[in-house]
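Here chain A shows up in two complexes: once beside chain B, once beside chain C.
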Partner chain A sequence: MHIPDGILPAAVSAAGYATAGAATWHSLRQINQKEDPRESIPKASLLTAAFFAASWIHIPVPPTSVHLVLNGLLGAVLGYYAFPAILIGLFFQAVMFQHGGLTSLGVNATMMGVPALLAHFIFRLRNVVGKESRMWTGVFGFLAGAGGLGIAALISLILLVTTIPAHLDVEAERASIYALTLAHAPLMALEGAFTALVVLFLQRVRPELLED
Partner chain B sequence: MKWRLILPLALLLALGLTLGLTMTASAHGAKIEYTINMAVEIRATYDTGEPMDGGQVMVYAPDNPSTPWLEGVCDEEGRFVFTPDPSKPGTWDVQVRQAGHGDMVHIPIGEDMAVSGGTGYTSLQIVLMGVCVVWGFVGTALFFSRRRA
Partner chain C sequence: MNLGLDEYAHLDSPLHRWEPRYKLVGLLVLAFAFSFVQDPRLLPAMLAAAFALYVVSRLPLSFLLTRLRVPGSFLLAVALLLPLFSGSTVLLRIGPLALREEGCLDLLLVVTKFIAILTTGLVLFGTAPFLTTIKAMRALGLPSVLSDMTLLTYRYLYEIGDDLETMETAMGLRGFRARRFNGRTLGVLASLAGSILVRSYEQSERVYKAMILRGYGHSSPPHDVAQARPRDVIALGGVLTLAAGFVATEILLRGFGG
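Right after this comes the complex of A and B.
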C-alpha cells in the first residue's frame, strides 16, 4: 500500500504533493472553524500512533501478505483531523521504517487520506438513519472502514498500473500488482469489522467522541 | 681463414638449436592468466522476511543512472548475482521492484568498497524508534488533554 521512493515518475510525485497540500489546507481550515480546535487533538494523536504502528501488523493472504492501514477507522472517528493525522503518521513511517518514502509522501497521503475523508462522510450517513441506533452505527462503521481501505487500494492500483516503466517486464509487474490489490479484499472485511467494533465501543462508553 | 668460416657456422648452429628447442618446449607448455572478477550478490526480502521471489532487478552503472545497465529477476530466495564492470568505479545502484514495492541499494565499487551492506535497520533499532515515536504521540495526547483535568 505504501509506495516507496523511486517507483513513481517525478511528475506523479509532484502532483501527489499538490493534492496532499490542498487536502491538508482544506482539512485545517475545517478544523479551525470548530469551537475548540484543540479539543480533539488527544484523540487524533492517539489514533495517529495506532495508524503509525498498524503497518507493522502483517496479515498473510497467500501468496502475499498485507498489513493493516486503518485509514477508514481514522476517517470515521476523527473526521477532518484524519488527513493531518495520516500525513504525520506516514511521515514517521517513511523516516523510521522506510515504509513509503519522502518523495512519495504526497502520493501516499492522498491515496490514504482522501479515502479517509470519504470514510468520514460514509460514517456520517448514520445521522440520516438515526445515530442512536447501535445497528446503524455498526453498519456504517463497517462501511467506512472497508470503504476507506478499498478506495485507497483502488487508487494505488490505478497509480501503479498506469506508471509501470517500459523497461520492466510489464506483464509480470501488472500481474503482481493485481494479485496484491486482490489480497486487500479480505483486509477490507477485517478493517471494516475492526472499525465497527471500535465505533460501537466508543458509542457505548464515550458517545461524544463520535460527534466530529 | 678456416676459423673465420667455422665460427659463424657454429654460431648459426647454436642459434638454430636453441630456437628449435624453444619451439619444442613451447608446444608442451601451458599458460594460465588470471583476473579477479568481483560478483555482487544481493538478496531482496520484504520487511516480513519473506523473499521477493520473482522481483525485477535493475542494475544502474555509475555513469548512467537513468538507463539500466543490466536487468534480471530474483530467484525463489530473492537472490540475484551480477558482475559489475570494474572499469566503471563508483556507486552502482541496484533496484528491486515487485507490485509497486521495492527498494534501491547503493553499492560502492572501486576504492571505498565494503564487503557487505544493505538498506534498513535491525529489529532492535526499529522497535526502539517505534516506541519513541509512539511515546511522542501519547505525550502529545496527554499535553492537550491536561487542561480538562
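Right after this comes the complex of A and C.
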C-alpha cells in the first residue's frame, strides 16, 4: 500500500504533496479552533505511536498472515488529528524503515489520510442514531474500517495502474483496476470486523477515546 | 532515542557539517529533480550523483545496503510485471511470455530512480541527529502542531512497541496462540490493539501534565538557529545547480525526442 520512491512521475508526486498540504492545512485549522489546541497534542502523538505499533499485529490467515492498515480506526479515534498522524506515521516509515518514500510521501499520505478523514465522518454518524447503542457503534466501526481501507486501495490502484506501465492499453488498465479492487474485498471485510471489535472494546473500557 | 537513523550522525564529513536547513532544502530539491527524470540516458549521471553524495557523507556502505533490501518486495513485483506486459517491441519470446523492450526500460528507470532517491534520503537523515533535522524543519516553517507531534511520536514509538511486545509475550504465556483464523482470535487481537490504545491514552494524560509542569505551551523557546556560513550557501548553490541541470537536460532531451 505504500508507493515507494521512483515509481510515480514527478508531477503526480508534486500533486500528492499539494493535496496532502491542503488536507493538513484544513485539519490544523479545525484543530486550532479548539479552546486549547496543545492539550490534545500528547494524546494524538502517543496514539499515533500506538497505531504505528498496532499495525505490527499480524492476523493469522493460514497459510500466511496479514497486518492491518487501521486508517479507518485511526480516523474514528483521532478525528481531525488523523491526517497529521498518518502524515507523521508515513514519514517515520519512509525515513526509518524505507516503506514508502520521501518524494511519494504526499501521495501516500493523501491515499491513506483522506479515507481516514472520511472514516471519521462515517463513524460520527453513530451520534445521529444513538452512540450509546453497541450495535450501531459496531456497525459504524465496521463501515469506517472497511471504507477507510477500500477507498485507500481504490486510490492507490488507480494511481499505480494509470501511472506506472506507460504502455498498457486502456482496456487492460480498467480490467486490472476492477480485478485488484475486488481482490481487496476480503481484506476490507477483515479490516472492518477488526475495527468494529476495537471500537466496541474502547466503548466498554474507555468511551471517551471515541468522543473526538 | 536511537532508532538506527542516528547511528552515524556523529561522524565528521562535509555533509555532517552542512547547516541542516540548507541541507534539507538542497537534498529534497535534488530528490525531486531525480523523480522528474524520465530519460534513460540520464540514469548513469543520476546514480553517479547520488553515490558521490553518499561517498562524501562517509556513511558506511552497509548502512545503505541493509536499507535497500527492505522495500524489495514491491520492486520485485514491478520487476516481474513490467518487462512482460508493458510495451509492444518484443525482445525475446519464451513460450507464452514475451520480454518487451519498453517494459525493460521502464523497469530500469523505476529501479534506478528508487535507488538514487533512497540514497539521497539516507544522506539527508543519516548525517544529522533526527532532533536537529526536525528543528531545521520547524525553522523552515513546519507548523508547531506537526513538529511537536513528530517529536513526541518519535519519543514514544519504541516504548509503546515494547509495551505491545510485553503484552504479546504475556498472552503467549497464558496459552494464546494466534495460529488459526476465527472469531475468537480476531476478538483477542482486537482487545490487544484496544488495550495498547487505552494504555497510551492514559500515559499521554500523565505526559501532558508533566509537560504543563515544565511550562509547555506558555512561551515558545527561542530557536537556536545557527548563522549560515558562506560554505553552507555555496553547497546549497551547488546542489541546486545540479538539480536544475538534471531538470533542464531532461526537458531538452524530451524536446529533441519529440
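Following the convention adopted for this analysis, the second predicted complex is superposed on the first by the 168 of 212 C-alpha atoms of A that agree within 3 Å, B and C clash if a C-alpha of one lies under 4 Å from a C-alpha of the other, contacts with A are read in each partner's own complex, and residues count from 1 in each chain.
The working rule: a residue touches a chain if its C-beta (ideal position, glycine included) is under 8 Å from a C-beta of that chain, and two chains touch if they have at least 3 such contacts.
Keep in mind the model is a prediction, meaning the values are calculated, not measured.
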Touched chain A residues, chain B compared with chain C: C
Touching partner for A:Ala49 - first (chain B), second (chain C), both, neither: both
Chain B versus chain C as contact partner of A:Leu28, first or second or both or neither: second
Touching partner for A:Ser156 - first (chain B), second (chain C), both, neither: first
First, second, both or neither for A:Gly6, with chain B first and chain C second: both
First, second, both or neither for A:Ile177, with chain B first and chain C second: first
Contacts of A:Phe92 with chain B and chain C, given as first, second, both or neither: both
Contacts of A:Val77 with chain B and chain C, given as first, second, both or neither: second
Contacts of A:Arg206 with chain B and chain C, given as first, second, both or neither: second
Touching partner for A:Val198 - first (chain B), second (chain C), both, neither: second
Doubly contacted chain A residues - partners chain C and chain B: 4-7, 38, 41-43, 45-46, 48-49, 52-53, 56, 58, 65, 92, 96-99, 167-168, 172
List of chain A residues in touch with chain B within their complex: 3-7, 38, 41-43, 45-46, 48-49, 52-53, 56, 58, 64-65, 92, 96-99, 156, 159-160, 167-169, 172-173, 176-177, 179-180
Chain C partner contacts - residues on chain A that touch it in the complex: 2, 4-10, 13-14, 24, 28, 31-32, 36-39, 41-54, 56-62, 65, 70, 73, 77, 81, 84-85, 87-89, 91-92, 94-99, 101-103, 164-168, 172, 190, 193-194, 197-198, 201-202, 205-206, 209
Contact set on chain B toward chain A in their complex: 46-48, 50, 54, 56, 58, 67-68, 71, 73, 95, 97-104, 119-120, 126, 129-130, 133-134, 137-138, 140-142, 144-145
Complex contacts: residues of chain C adjacent to chain A: 3-5, 28, 31-32, 34-36, 38, 67-68, 70-71, 74-75, 78, 81-82, 85-88, 100, 102-103, 106, 109-118, 120-121, 124-125, 143, 145-146, 148-150, 152-154, 156-157, 159-161, 163-164, 178-181, 185-187, 189-201, 203-205, 207-208, 211, 216-217
